[in-house]
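What follows is chain A paired twice: with chain B in the first complex and chain C in the second.
Coming up: the complex of A and B.
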């Protein structure tokens, strides 16, 4: 009976994914990259492999010409921990981190030529952790200082994911100014959200490093990471403890969370359900009985490979699709005549108002 | 709306016809049952029973010495299309089945059962066997687990692999201690001899690709405990979930294919941690020394015997007994697909499938579950696509996306029709086509909602541009209107 009760409170996931996004460019946003890389380190340490992590960094701090310590990204004063390391695997870097690519990763509407490491191949039994950091405002998050993603778009993307059952449960963490506005509009089930600050508040950075010359981390992520350092793959700490991380006295902003869409009680949700990769295992008790004297079946593979003709370049492209598809929908522009007509109207009204004699100079 | 039809032939051998049979042989009967899925939908299972008595050839076959020989002899005489079943009813006193066994289920699509006295017992037994060999209500509910409201199914039910067009199987040999062991495994030979027959049988369900690799210095994530009593090292059951993680990062997978990957790892423990046994929950060592994880794969620990003399030169040469290893891996493959023989009642005797890996009726099991799942997936995908199009009015549907949608709809309708006629093979193929087309349509890169501006974005962008520009225009227009009104009144006043 206790087994059954245990089963009821456990999550039904079989694999874990993480999508970690840093949306800021430029050297003075060093802390956002350090935030993301620190979360990446923790998630890897707790067991999620690189093949299940989609890491998007909008700028390259380690190789930035302004970095006094090249090839490193530090997350703590006194340069204690280099979170860049030797085995970091960045999937989307620099200008590839756009709102469009982010939404494509989430919804799965990716061009067929995208490699496996850039895809989110989750299924209905995947728990996904989504961490975003950068500069945000009330209802939007800025990507690379040139575009925004609104909370409505994000909620719609999650709904598309839910419709196609691309996740079992989703944990959304955001560390930006007014971060709580980003999760206000979610409406799909099984989503839990955490934010570093409420609407109207700013998230503050933690401490500058005089050697590097920039702030190294944001407060909320710093305390979350301290919390995660205590977690090991077998720990039983639950989400309620994560909600208590970084009270107002330490963080200056008020972290918020949202659990109304989540089915299970946060008390029963383990941190390792999202941050780690603890697989359910079963002991194998059955075996097959094989007849050992069977002759080997003729191996078909090598002959098949030799027999195929080399493919011509054209045959590898979906020519039929390319020829028959309609031209891509361009962005909507008002028709050119409209602008001209508008200006003509403005000029006519101007001359009518201030006297017809000015028109004589035109005609 | 989905009807799953199973044609069943029930053949009575002489002396086994129960006295209270409702009609004289031969006759037909249909048994329908509703399997509720959620509040709005349900699946109907329909067993079309055809009762008849044996022909002379069948009687001769049933006169064999053992049930297995009888089954082999009967196989060419029965209808072996996918999805159909044949059941032979034997007299209660028949010696073909061993004592205490009431039902014998063969390798193909037939079963031998004892008459059981009355019609009621016989019907109950027939129903039980038919459900075992085709699909049970819980199997259908598990296949449709997306639609079952949460809370009805425990989170552990849907753990077998999702229906997919293909699977990648990777066999890995982990040797953490190459200084002590040089391990040789004839994986290519083993794949050709043992794995290929199983995959050939499963080729109806999906495409399989097999590869293998050897990883050196790959250590498990858990340090095993030393047990003095058995002088061996033990891995307890609750530490098993943490074993896989450090290894997984190094396993890799093919960059080109998007199919789910099944990993089978063979771990040869280090000299200092040999022999290594896996303990189950009660503390007893597991006979197979292996464990598996749903939707991921399996791990087996292969212990190397200690050398006779302690001065034996290292590294020791190890030739892996591939047959023993493949017995475990193939059993794990079956379990990953959801084919378990654990919940069979004790009076049932199931024939071992031998080197083929799975019986014909188990293949049918998979096909039923996958067909139902595919149909449900297609309808969910197309409904969701329709909702997306409703929400964003100005989305552009390319011609090829539209044709994929039409094809998906046609295929899924054909699959449902074929299911209601009892043609499992054709229904499965149609459902596979439907899934391919619907996925291609849904995940087409051009359907990203971001690319089509919602109306409020249009207002939000253009109003700040045009409103300040419009203010002087509107004021000037107002001034013109006022002046023209004054001028119209003036001529009456002027001379």
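Coming up: the complex of A and C.
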């Protein structure tokens, strides 16, 4: 029974979050929105609720005036799969998808007026899936055609999350050109990263649909979606299978992954640890007594009896010091030599013009 | 003539006082056409505030006024409106007295030339009479004081008014014939903004004419007088600059004022030609083009001196116009100064060819400036090209105005000496063409 309980806490996480970001706008970047929505769909299907998903889409494809099939976003040609259903909840839309907002979501430094649906309220037992797609380059990812996030910034944001205990384990997936450059700089523990292409390679798009007129998906995410369609909440598929998802023959680019910062062996990491929100519930009829542990815990932290009086405001900031802090402003006066010289010149000019004989009236 | 002048002055002061109290004052003082980085009142206040905090006002790129302006305003900041109104009045009075004297000179010269039979017989209608010249000084003062450009410049408290008044005093001193005072005021004007340096040539020509020294390159008295005037001018300039050093005990003001005027680092839009070019130019070429643009101001002095050596005051007018068109940060205040001279040449009206179109161009462009500024900056539906187009058109209008007056002046001189009805060799009527 102890083994079963051990297995219950094997993975170390108690809740799952997902941050799915599409950074490109404009109609011809339809595929990036479709990428993100496919992952959203899979993640929701596997159990993560909308309250634990932060979905950021930089443009509206479903209701775009150029969409010949309004209110739909297809991921397969011939309109086989509509990933924009009736219950898509977009948290950050259009111009709200900025580098600043993304970093604020990750680090939690959000203004108090932000609604709960826009916050990443993770704790130190959360497994977070972060999926990003868009246009990128060596070391950066482009947001909205006007700004960029660099791999250094991203690594620092994850370090902030680690120091603030905002995640237990983090899976970072990126589908852009030269995507591997984005995970090169990570230095915080418990991060596993996957990318669709190596540095120097471009990620390619999959199929155009002639009815809609644009490419519908990127290759890597297309094959990831196919792979995820076969996962169900109870499947035991592990991460090594995800690493094999898109070989070079199908993807043209070489997908990469990074597991050196991750403490568990990828063989032991289930797909549903990140993509699903699995609740293992075991019903037991036996009672477990936890008294032994409680007493041990209590003895470790005796209550401290230190009576501290609250400081009054006046004592904290001596008012007298504040009043006399600024130096008194002195008005500037021109130097005496200057005034003397100027007026001497003026008087000389005056008497030169009007004749020296006037001077004797002065003296 | 004093009473009408006083009435004009009173009317002008009333208009300015009324505008100061109205809500338009703030709007006008923020217009880029009226306040340039060189002469905006905001910057003067900023510089004086920095001085009160113990920092040199030239330490940033905000303040580009000369130390004498600091000295003038450091105790007069609350009375700034009065100061600018008084400055405008002084300018108008100086111009009035100058033109009065100039009319006497013109009339005397005309009389001399008639007696010497230098004029053709049929030009009676071209000769200026005292009757028509009687009201010209008043008109000049009126043109200067009630010109909307001057009023706007005064309401915006732009120090261009002080520049204008120094130049007006310089003109008064020159026409009265005092070489010493003329050199002193010219040095002050050059010290304030660099470009009145080019007014050295017309002033010298006028003073030579007044002393009856013929302008021949070999004449000894010509060179003697020129050396005297030049040395007076240079000495006063040096004295003024050294005096300015003692105000703040530093030479900071030289790069801040003259370096700023010459190298044009600030590319805020104005009614001039510099900003657009240098905003889009690569840095590699900017030195070359700065030199080209700045030479444009000084370049016309020698040819005009050769052509207009008999008419130095007209030369001064044309030179003033060239300065205010081609200087690096022009404002409407500079334009107002040369436009004040237009009544002096009102006898050229019959020879002006494009005056209707030009006045329409100037008036329309003046109205279009704020419209296109609003469209560019606030509405976002236009861009800098629109505003620059109006700037270009306005400057073309001014250039055509000056060349029109130049043509009319030369044509009148030609008719005076060769007669009004010109005939070709075969007896048919000839047309005069400016080549």
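The rule we apply is simple: the second predicted complex is superposed on the first by the 271 of 363 C-alpha atoms of A that agree within 3 Å, B and C clash if a C-alpha of one lies under 4 Å from a C-alpha of the other, contacts with A are read in each partner's own complex, and residues count from 1 in each chain.
FYI, a contact is a pair of C-beta atoms (placed from the backbone, for glycine too) under 8 Å apart; a residue touches a chain by one contact, two chains touch by 3 or more.
Owing to the predicted nature of the structure, the values given are computational and were not obtained by experimental measurement.
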Exercise for review: Please indicate which partner A:341 is in contact with in the superposed arrangement: first for chain B, second for chain C, both, or neither.
Suggested key: second
Of chain B and chain C, the partner touching more residues of chain A is B
Partner chain(s) touched by A:352 [first = chain B, second = chain C, both, neither]: both
Practice item. Could you look at A:332 and tell me whether it touches chain B, chain C, both or neither (first, second, both, neither)? Key: both
Quick one: is A:104 in contact with chain B, with chain C, with both, or with neither? Answer first, second, both or neither. first
Overlap of chain B and chain C contacts on chain A, residues 329, 332, 342, 345, 349, 352-353
Chain C residues touching chain A in their complex are 48, 51-54, 68, 70-71, 74, 178, 180-181, 184, 239, 243, 246-247, 249
Touching chain B in the complex, chain A uses residues 4, 7-8, 10-12, 14-15, 44, 47, 49-51, 99-100, 103-104, 107-111, 115-117, 119, 121, 123-125, 152-153, 156-157, 160, 163-165, 233-234, 263, 276-292, 294-299, 321, 324-326, 328-329, 332, 342, 345-346, 349-350, 352-353
Counting only contacts in the complex, chain A reaches chain C at residues 329-335, 337-339, 341-342, 345, 349, 352-353
Seen from chain B, its contact residues with chain A in the complex are 145-146, 150, 154-156, 158-159, 162, 188-189, 192-194, 196-197, 200, 221, 237, 239-242, 244-246, 248-249, 251-258, 260, 278, 280, 286-288, 290-296, 298, 300, 323, 326-328, 330-332, 334-335, 340-342, 352-355, 357, 380-381, 384, 387-388, 396, 398-400, 442-454, 458, 469, 472-473, 476-477, 479-480
